Each structure stands twice: as structure tokens, then as C-alpha cells.
Amino acid sequence: MTLVRVLFYFLSFIAIVSALYAASSKNLVRSIFVFFVTLFALAGLYVLALADFVAVTQIVIYVGGILVLILFAFMLSGKETLNVIKQQNSRIISLKTLPAILLAALFFIVLLNVVLKADADNLPWIRESISLKNEITPNAIMIDNIGVNLMTRYLLPFEAISILLLMALVGAAHLSRKEGKA
Amino acid sequence: MEDFLHSIQILNYTVAAVALPLLAALINFCLPAKSKAAGWISTGAILLSCILSAKVFAGVWNNHEVHAQHLWFTIGKTEVFAGVLLNNLSVLMLLLVSVIALPVHIYSTAYMKNDDRYNRYFTYLSFFCFSMLALVVVDSLVLFYAFWELVGFSSYLLIGFWFTRDKAVQANKKAFIMNRVGDIGLLTAIIILFAQYHTFDIVQLFAEKGLIAQSIINNGLWVGPTGQIPALWQYVACGGIFLAVAAKSAQFPLHTWLPDAMEGPTSVSALIHAATMVAAGVFLLGRVYPMFTETELTVLAVIGCFTAFMAATIALTQNDLKRILAYSTISQLGFMILAMGVGAYASSLFHLATHAFFKCLLFLVAGIVIHQMQHIKDDNELDIDPQDISHMGGLRKKLPLTFIVAIIGALALVGLPLTSGYLSKDGILIQAFDWSENRSGWFKIIPIMALLTSWLTTFYVARLIFKVFFGEFRLLKSNPDIKLHINDGSWQYKLPLVLLAVCCLFPLFSLNPFSFEHAWLFKGLKSANFVESESIYHTFIPIVVNVLSLFVLYAVYAIYARPNSFAFPQSGFLYRLSYNQWYIDDIYKRFIVKPVLRLGSVCFWIDRRVIDGFVHLLAHVSGYIAKLSAWADQHIVDGFLHLLTRIVQRIGNFARKFQSGKVQYYLFSMLVIVLLLFVLKILI
Amino acid sequence: MITLTDFLVVSAVLFCIGLYMIVSKRNAIQILIGIELILNAAILNLVAFGKYDKVNNSGQIFALFAIVLAAATTAVALAIILNVYRRYKTIDPNDINKLRD
Amino acid sequence: MNILTLLIFIPVLFGLIIALLPSSVRSSFKYITLLATLIQLGISIWIYIHFKTGTAYGGINHEDQFQFVQKLPWIALNLGSMGKMQIDYFVGIDGMSITLLVMTSLVLVIATLSSWEIKSNLKGFFLLFLLLDMAVIGVFCALDFFLFYLFYELMLLPLYFLIGMWGGARREYAAIKFFLYTLFGSVFMLLVMVGLYLSVTDPATGNHTFNIIQMMNPANYSGQSIFSIAGHQTILGMPARTVGFVVLFIAFAIKVPVVPLHTWLPDAHVEAPTPVSIILAGILLKIGGYGIIRICLGIFPEVATTGAFWLGLLGVISILYGAFNALSQRDLKRMIAYSSVSHMGFVLLGIASQTAEGVSGAVMQMVSHGFLSTMLFFLVGVLYNRVHDRGIQHFRGLGSLMPKYTAFVMIAFFASLGLPGFSAFVAEAFTLAGAFKSPTVNGLLPYWMAVCGAVGILLGAAYFLWTLQRMFFGTESLKGGAVWKIALTDLNLREKLTLAPLALIALALGIMPSLVFDKINDSVLALIQFLQLK
């Protein structure tokens, strides 16, 4: 049992528990804030998967952008939403949510099944990658490489996404304008 | 050759004598109503018939038989003949009927002259004469039956002549139906004879050496020359004939129609219900006499005797003039049947002849009396029954001629010497005693009952005469201010009375007023082996009967004609039995008529409920089956379709839920399906 | 050593939780959170597999793209939610089942 | 042109004329129909006069002894391996048919005359009437079973509509009952007919045939066919020929009608309009009797002989049962309907006796009843037309109100109850004579049946006289009071002209039974001989 492994379990535990809390919580605000925790834990997991850059991006965009956006929207939507939320019944497993829980559980079983069957560690291309030393090692610096790749190999998707992002933001801004001014 | 021509002539006369009344009937039928010609046409016809009958009689009586026939029709291989048979019996009847009918016709022209349907009356009367005359001369049982029933039919018409009177139509219905019972008996007998002998010919059947004479009853079989059938059917045939006789001649148990038949015009009662038609039964017995065996004759004797006695007892207490006479007729007919039963064939027919005259006479007298009473009733607007003898009395001064002939008739009926009745009645009584002589003690009852009956006869006849003609006019007593304009009437009344009265005296029948054996009529009819047994009865009986009769006569005079007469108690059982005619009508009503009608209703009930019920049940069952199949059609066949549509609908509804517009639902279902795909993938 | 399977299991759990949230929640914002969870699960997978591509870094780069796109979708989604709220005074997706005005 | 064919199809010709004429001349329809029936009557009388008698013209089972024969191939289909289907148009008459034919023609004239009362939908009525006319004449003439059946069924249809459309209050019930009853019979008859067809081959052509006369010859039955005498086939465990006989007998017994298959009759009679009642009682019932003689006895003689007791028993039951029922009726027409049941019982009894007297008596009874029931129903119709009521209790003393009518009623009643001098007497007496002779001649019927039959005559007197006494005699009293008294006029000329010939014929037949017997004798003897040979 290495420290990495302990860390991994710890982080994934936090991520799952907080996600569960966010899912089961009737309080919107709470679930939003708990979702922060999940995101942070995930970022930690990215790090453990040797993707520091992604982890950072995760924190910046998700925690810094998306969550703030959500909170912002929530607060904009006013008092009635909160009232509605409070009225909901507090039991975790109610009859209404039972199908959804069942569905999720079954899905989980299926997924688990798929995962275990696939035996991801022994996939041919992974074996090949290990044998060709194409594996990222913990001490390798990958940020340069990412930057280069972005500007060369993945330039087209990069640009397309930029435009998409632009359009989405413009669209969002347009949508959220007051109706009277439209 | 001469013989043959003679026969032809006689046949022609006979046919003419029979056909003339029919012709008269047809002419009268076409005449306008109320035409007075009708009476004279009928009377003329019967007069001619009478003359022709006399000629026929002269030609045939104690001479040779005449028998001629003609093929009527063929059925299968059986040839049915129609023909005429003239022998002593039939010519006697022929003459008797026409001779009696003549005065009645004359009488009727006066008696019915005010009736609305005068011509219809004579149509019926002539038709009756035709049927009766034909009945006595025909030679075939089929024809005999036909005229037998036609006689009954004309009697039906005449009894119900005044058809608006309820009692009259009840009576004629009763008469016809009771006669029908007899007819059925006769028909059965004829059919049995036909089955046995394959012929309807009376000569072939009943001649001296005929088919009947050649048959014997052996081992329970009735063996004849042409075949054999069980002996039972011989008894049935005789029983059938007896029924016929009983019905026509009003013998117990079928006698009740005759008193009721008095609802018809009195002249009709005189002719049909006293003299001729009712005698047809005796005539039938005479025709088929050879058929009866010793035992059957005894039964006849018993029934005749009983009827005579019973009717006489009933006549004792009746108050209706015609009813008394009707019961007297029944009683006298009983005597005739008795005579037939004891083998006094000739005496029976002799009595038939003499009875015809005096009873007809008495009825005509009754007719006059009733007619006059009716006059009194109409003139003074009284509410009385003109036939009730308790209103009458002392009429001898008002109706002298009527009174005299009534006395003659009555004496003849009682059977006092010098009258024709004496001759015939004593003959019967004497022969009855002769007959019982050779038999065991019990058979003595029959002649003794007959004797008793003859005294009873004396009693009721005397009662009738004294009540009507002697004493004081009782109606005058109770209604002092009534006017009386009554007399014997015109010559049309008087002539017949005188004629008949003469015929009631002895000289017409025998020059010896005291011995029936010397009567020509008796000689002509007696069988060849008749022996004049000179037993003690021949002198003893007449004396006893007549002396006692005189005592009875005086007694009756004492009771009814003397002013301070005592009255019989009118409450005893015997009185009631007699007054109510032995309750026989009630018994019939209760035990025959009602059950038959009830049976009819039961049959109808069965028809409605059981048979139709069954049909309806079938209909219902098929209806239910139809409904069931309709139900099956609707619910099973259609139901299957509906189920299909329902399933489709359900599926549609089910699928529609996923199209609810709820985004999460869409997603959910999508996921479920994906899941299912997975599961399937794993499972397969 | 952390195996790929470990990552995959964690991401599967997250994915299922996200799924549950999407299906069961009556609040559009929570649904949005569920979507984000699923996206994150996917990203986790991308990152985990990206470990074995040192040269091209395809896993990590697409994880970056996914994050960016997630941000975009969130922005648009929130805008829509706001609009919906304005019109219907609710953000329960079950109540909003009419396409027409 | 064959005279019988002419006789059969004249009504159709006139029917076509009526069909083509516009409704505006509807008042002439009855005269056209009358003309048609009168022509038919003329033809049938011509046939009657020219009908030859003698042992060479006995008919029954000798095809060459029939008269006025016409035989044309009609349907001849070649069915390949199944042989040829052979149906002939085959008509002809012998002694059994001739008197019934004349009787039918006359009754049809009377029925037409009584159609004067029909007021609605004249075209339809007379068309159906003429169709019925054709069918009944056809039944009496047909000698091909298929043709017979065709006419037989063709009668049903017009009768159904005639009762159902022009009948009384419960006409639909009556019509349906009638229709179902008779259809029930004829459907099974069809089965037997087909069975017979498949069993019998025509020796001349070797084909199966519907020829009735060929069916009477046992030699024509192929060995193992269902109705073969030698084959002894069974249906449901019973001998096939017995079943065939019973089925045919039931079909005709419904028509006769024999108790207990009679309940359609009172209803149909009561509801039917007068002309239809007349045809029903006068003709249709005779078809039953005729069918039993011609078909049941002709085709299954040995079964008829073994079953004679039961036939006779049914006859006696019908006589007595019908009479008792008539006794308890309150509707005049229903009473007469039941009396028909009783009188037709004699027909069955006579046929069952299988003696010359019995069968002749039966035929005579059919002819006689044809006229008398016509007369009776016409008389009821007269009364009903006047006041629309038939309840026996509703009338009293009609004798003084309608003397001529009463006279005719008395003639009809007395003739019906078997007064000598009228036809019924001869018929009933000889039927009973035949029935009584039967035990000694052929041992078929017990003696007592004839005696029981005789009791039926007595009951006949009872119900007729009772009715007479209740309705026509006594003091006048009517349910409808003064209104009825005005309505109840005496007979008019047309009615008298209709009734007089009937009364005269009944009288003539009673006095001269040879009018019938001479014509039927040879056939009866031939039939008896045929039955004895089996």
C-alpha cells in the first residue's frame, strides 16, 4: 500500500461521498457547494492520473467558472425556487426516486460488469504502449508537449471549440437578457 | 211375369210415396214465408203418400216380399246398393206413418196458421215424413243409418222450431246429441257387421237364412260364413244397436231428451215424439231382430221394463200436460222393448201401431187444450204456464168433442177392453208371463213390474183426465174476472181427432175385442213357430189387470175430481224422486256434461301450455342459443378483436406516457431501454 | 500502483450518481449538476486512459476540450433555465411539458 | 301444350299481367284473379271429365298408367365421375290427384271471391295469391320429387307474407309460427329427398333420379345405398328406411296437421285473412294427406305397414283431441280450426287402415273437408267483416237477424258433423268402416280405434250444435248492441253465389259419392295392391 494508493482511495472516497451528498441533498445550495468538493476531489484524481494540466484547468474552469455561474443563476432565480425546494420531502429513498435509484444501481452494475470484463489494464494497445515506453511517467513534464500538440496536431478542433465557445457565450448572454429588451 | 210387373208397380208406388213429401218440402222451401199454400201442398202430398202406401200395403201384406236395389256407388271392391225392401214390417210402418201423419198435417194447418214461419214449418214436417217413410223402406244399412239420422235432424229442426226460445234450442241440442250417441252405436254396429259380412244389405244379413242366421258364437269367436272376429264385437254390435234404440225410442239411460223435446209445437210432438219417430227404435229392433242372442234379449227386457216403470213413476207427479204424456210415451215404449226382449215380437209391433194412434190422439187433445189455455192467457194477459194442469179443470163442458176423444184415448192407453190398447198391452203382459214361466224365479220380477206399471199408467192417465176435464176450472177460481171464449175449434181440429179416435177402438185391429191373437196385425207379424199356449195367464191376467185398473180409476176420481179431495203429501222422498225425474238429468249434467266440458278445457290447456308450451320452450331455447351465440359473437369473437384493440390501445397509452413532454421521463425510458439492451446482450 | 480499473470504477460510480440526479431531480439546476457529474466521470476516464499516450496526449487534450465545452453548455443551460423561470415561474422540468407558448 | 302444364302456369301468366298493370287500375286486379281461377276451374273440370278410369289407369307405381303426363328434361348436369344429375319436369295425375285437383281449383275460386274484403296493397296480395295458386296446383301434379319439393316450398313463401301482412292482430306471431313449423318439416324432407336421389337410379338412363315413381320400385335402389331395402342401412342405430319414413311423415303430418304438431293451425287460421284461411284449411291440409299417400306410402310401403298402428293411433288422438279442444273454444274461427284437426284425423286413420274403404274414405274426407272448411271459414269471414268480432259468447240469436246466413251456417255445420246426405258422412263412415275392417283384412289396426273414431263424430255434433245454440238461436243479444245490429246485414248476392255452389257440391257428393269414388277407385285398389306386395 503506497501513499499514492492511499491518496487515491481517499480522494475517490471524497469525490463519491460528496457526489452522493450532492445527489441526495434536498437543499440546492448545499448540493451546489458539495459539488465543489467533488470537483476538487476529481481534480486531485486527475493529478494522480498524471494529468496536472487538466487538473488545474478543472479547478479554474469548473470551480472558478461554472460553479460561480450556477450560484449566480440560482441567486437570480429568486425566492420561489427556494420555497419549492424546501417543501420537498426529506427522505433519501422515497417511492418517487426509487425507479431512478434502481436505474442508477442497475446501470452501475452493468458498467461495473463492462469494466471488469474489459480488463482495461490488459488491453492490447495499452500493453503495446507500455512496451513502447509510451507511458507517462510521474516525473515527466507534459505541459510543453500539450501546448505543442494543441497548436499542431489538434489545432482544428481547438479552433472549432473556440468558436463554439464564443457562440455559446454570446447565445447565453442573449438568452439571459430581459425579455422586454429583446 | 205378372208377379214381376206387380212388383214393379208396387216399387213405383213406394218410391212415389216416399218422394212426394220430399217434393213438397222442396216446393215449400222455395215458397215465400207465410204462404198459406204450404200447408195444403204438404197435406196433399201426405194424402197421396197415404193412398199409395195403402196400395203398397195391400199388395205386400201377407203376400210376397218385394226387394229391389240399384248400384249406388263402388268403394274399393265393395259395391254399395241402394234399394227398397218391402215386407210385412216395412209396409205396416209405411202405412202407419203416412196414416198418422195425415191427421197431424190437417191439424197443423190450423194449429200453426198464425205463425210467422208457416211455410218453414211445413217444409220441416214434410221433410220429416220423407225421412221417416224412407227409413222404413230402405234395404241397406248405410241408407238406414242415413235416414235414421235425418229423422233425428228433422226432429231437431222441429223441436227448435221456435228458435228464439232458449228452452227450445237447449232441448233440440240435447235431443240431437243424445240421438247422436245412439247414432254412433248404430254406426259402430253397422261397421262391425260390414267388417264381418262385407255387406250392408239388410236382406242378405237378416233374412231367414241370411248371414246372421248362419253365424254362431264359438270359443270366443263370432264365426260367420264370410269370416270371423272376436265374439266381443258381436256384443258391441248389439250394444250399439241397443244404444241406437235407446236413443231414438227414449229408453233408459238415453231417455231424457224426450220430455224436453216437448218444447216443440204440439202437433210435432204428436207426430214425431209420440207416434212415429220414437217408434223407429222399435222398428230397428224388428229389422235386426235375428241378431240378438238369448242373453241380449233378456237385457233388453230388463231395460225396457225398468224404463217403463221409471217413466210411469215420474209421470205420476208431473204438472206439465205434455210432460206427462212424454213420460207416458217413454213408458209405453218401454213396454215395446220389453216385448221385444221377451220374444213377443209381434205384440211389440202391434203395440207400436196401437200406441201410435192413441198417443197421437192424446197429444192432439193436449194441443187443443194448450191452445185454448194460451188464448185465455193472451186475452186476459195472465202470467201462467198454459201447459200446467193445475190451472185447468172442468173443461169437459167447454170442449165436449175434445173431452170425448180424450176419454177414448185415455182408455186405450190404460188398456181397458174394447180399445186397441187392451189388445196390444194384454198381449205383451201375457207373453211376458209366459216367458218367465220357463225361467228361474227372479225373472218373475219383470212381468210383475210390468203389471205394476200398467196400474201406475192407469193412475197418471186418470189423474190427467180428471184434473183437466173434471171438477171446476181452477183458473177461474183464482182469477174470477177472466173471460173465456174457448171451443173445440174448426174442422181442421175436429176431423183429425175423430179419425184418430176411431182408430183407437178395437174393430180396426180385431173383430174379437178380447183376444190379441186374433188381431190381423198380430197374425201378420208373428213368427212361424208361435204357439198359442193356452196357459192360465190368458184369462187370468186380463181380468186382474182390468179389475184393478177400475179400482185405481175410482181412487183417482176420489182424489182429484171430487170437490173435497185430499192432497198427496208433496214432500216425501219418493215424491221428490218422481217429481225431479229421478234426478237423471242432474246426474248427466254433473257426471257427463261437466266432465266432458272440463276435459275439453283440459285439452285446450294442454294445447296451450304443454304442446304450445313445448313449442315456445323450443323457441325460447333457440332464442337463448341465439342470444348465447350473439353473446359469444359479441364477447368472444368481437371480444377478441376488442382485446386486440385494447392491447394496442394499452400499448399506445403506455407508449404515450413516454411522450408526455416530460424530459426526465424520456431520458429515463431511454436509459431503461439501454439497460435492457445491455441485459439482453449479457443474457444472450 | 493505481490501475486503470480503479479509475474506471470511480468514474462509473460518479456516472451513476449523475445519472440518478438527472432522472430523479425536480430542479433544473440540480439536473445540471448531474450532467456535470457525468461529464466529469467521462473526463476522468479520458485522463486515466490518456496516461498511456505520452506523444499525442490525446486523452488530456480532449479532457480539456470537454471541460471547456462543459463550461459552454452550462452557460447556455443556465441562460435557458433563467428564461424558463421567467416564463413559468418554476424550474421543475416536469412542469414544463409544453412546446408551444 | 300439355293441359296440366297449362293448369299450373296460368296463374303465373295472370300474375305477370297484374304485375305489369299500373296501380291505378287496382280495382280490376280481383277480377283478373277471378278470371284466372275460373279458367283453371274450367280446365280442371275438363280434365275431370276426360279422366279415364279402369284398371289400366291405376297409376301409383306405374308410370305409363298416369294421365296427362308431360316429361321434359329440365336440369341435366354432367358431373363427371359422379354421373349425370337428372331432374325432370315431370307432371301427371292419377286417381289420387284428380279429385283433389278439381277441389283445389274450386276452392281457389271461392278464395278469390272472398278476397273482396282485402283493401290494402292489392297488387301484392293478388300476386302472392296467384303464386300460391300455382304452387298448390303444382304440388298435386308433380311426379318428380325435386319438382314436388320446389312447389312445396314455393307455397310457404306467399303464405307467410299473406298471413304476416294481411292478418289480424297477432299476425306476425302466427306467421312465424307457421313458417317455422312447416320449414322444420321440409328441411328434413330435403335431406331424405337427397338421400333417395342418391339411392335410386333410373334403369333407363342409369343416372340417379328424382322420379317419384322410380323410387317406388325396390329394384331401382342400388345395393348399398342408404335407403336400399336390401341394404339394411342404419342411421343413428335405427333402420334408415324407418328414419326416412318418419321424417317425411313428420313433414306432412305438420301440414295435415296431426296432434301434437298442430298448434300452428289455430293461430295461423285465427290471424289469417279469410281467403288465406280458406286456402289453408281447404287446400294446404290436403297436401299433407296427399303427400302421405303419394310419398310416404308410395316410397316406404313396408315401413308404412309396420308403422300403421302408430299412424292410426295418431289419427285417433287427433280426432278426439281436436274435438275436445273445439269444445272449449270461445273464438268461432279457432273452434273451426280445431274441428279441422279433428276431421283431418279421419284422413290419417283411413290411410293407416290400408284398406280400400279406408283410403277411399280418407280421400273423400279430404275432398269433402276441402269444401266444407272453405264454407265454414268463409262464413266466419262474413261475420268478421261485418263487426270485426268472432267471440262465440258475443253473439246470440243471430238466427232472427240474419236468417239466410244462419241457414248456410246450419248447412255447413250439419254437413261437417257428418249428417247423412252430405259428403262428410260418407267419408267418415267409410273411413271408420275401413279402420274396423283392417284387423280382419290385414291386421294393422286394432278394433277399438274405429270405435274411438266414432266417438269423435259424437263430439263433433256436440261442439257444432253447442255453437249453433249459443250464437244463432235464442233471444237476440249482441255484445255490440245497436251498432252491431245495423252492421249485421244478411248475406249479399256475392256471398250467396259463393256459398251456394259449396253447399250444393257437399250435398251432391253426399248423395252421389260415386262422383269421387269412380275416379279414385282404380288408384285406391292399385295402392292397396302395391302395399300388399310391398
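Per-chain residue numbering starts at 1, and chain names A, B, C and D are given in the order in which the chains are listed.
Following the convention adopted for this analysis, a contact is a pair of C-beta atoms (placed from the backbone, for glycine too) under 8 Å apart; a residue touches a chain by one contact, two chains touch by 3 or more.
For clarity, every value in this text was computed on a predicted model and none was experimentally measured.
Enquirer: Can you tell me the least number of steps between chain A and chain D, where a step is a move to a chain it touches?
Expert: Counted as steps through touching chains, the separation is 2.
Enquirer: Count the C-beta contact pairs for A-B and for B-D, then tell me which is higher.
Expert: B-D
Enquirer: What whole-number Å value describes the gap between the mean CA coordinates of chain C and chain D?
Expert: 100
Enquirer: Just how far, in Å, is the C-alpha centre of chain B from the one of chain A?
Expert: Computed from C-alpha means, the inter-chain centre distance equals 130 Å.
Enquirer: With chain centres taken as the means of their Cα atoms, state the distance from chain B to chain D in Å.
Expert: 35
Enquirer: Find the geometric centre of each of chain A and chain C from their Cα atoms only, then give the gap between the two centres in Å, rounded to an integer.
Expert: Centre separation, chain A to chain C: 6 Å.
Enquirer: When you check chain C against every other chain, which residues touch at least two of them?
Expert: Each of 19, 23-24 in chain C touches at least two other chains.
Enquirer: List, in ascending order, every residue of chain B touching at least 2 other chains.
Expert: Residues 668, 671 of chain B each touch two or more of the other chains.
Enquirer: With touch defined as at the start, can you tell me which chain B residues reach chain C in the complex?
Expert: Result: residues 660-665, 667-668, 671 of chain B touch chain C.
Enquirer: Provide the residue numbers of chain A that touch chain C in the complex, in ascending order.
Expert: 2, 4-5, 8, 12, 15-16, 19-20, 22-23, 28, 31-32, 35, 38-39, 42, 45-46, 48-51, 53-54, 57-58, 61-62, 65-66, 69-70, 72-74, 76-78, 80-81, 84-85, 88, 96-97, 99-101, 103-105, 107-108, 111-112, 115-116, 118-121, 125-126, 129-130, 133-136, 140, 142, 145-146, 149-150, 153-154, 157-158, 161, 164-165, 168-169, 171-176, 179
Enquirer: Using the touch definition up top, name the residues of chain B that touch chain D in the complex.
Expert: 72-78, 142, 145-147, 149-150, 153, 160, 163-166, 168-170, 172-173, 176-177, 180-181, 183-184, 187-188, 190-192, 194-196, 227, 229-230, 233, 236, 596-597, 599-604, 607, 611-612, 614-615, 619
Enquirer: Which of the residues in chain A come into contact with chain B in the complex?
Expert: Touch list, chain A to chain B: 99-100, 103, 106-107, 110, 113.
Enquirer: Mind pulling up the chain C residues that touch chain B in the complex?
Expert: 19, 22-24, 31, 93-94, 96-99
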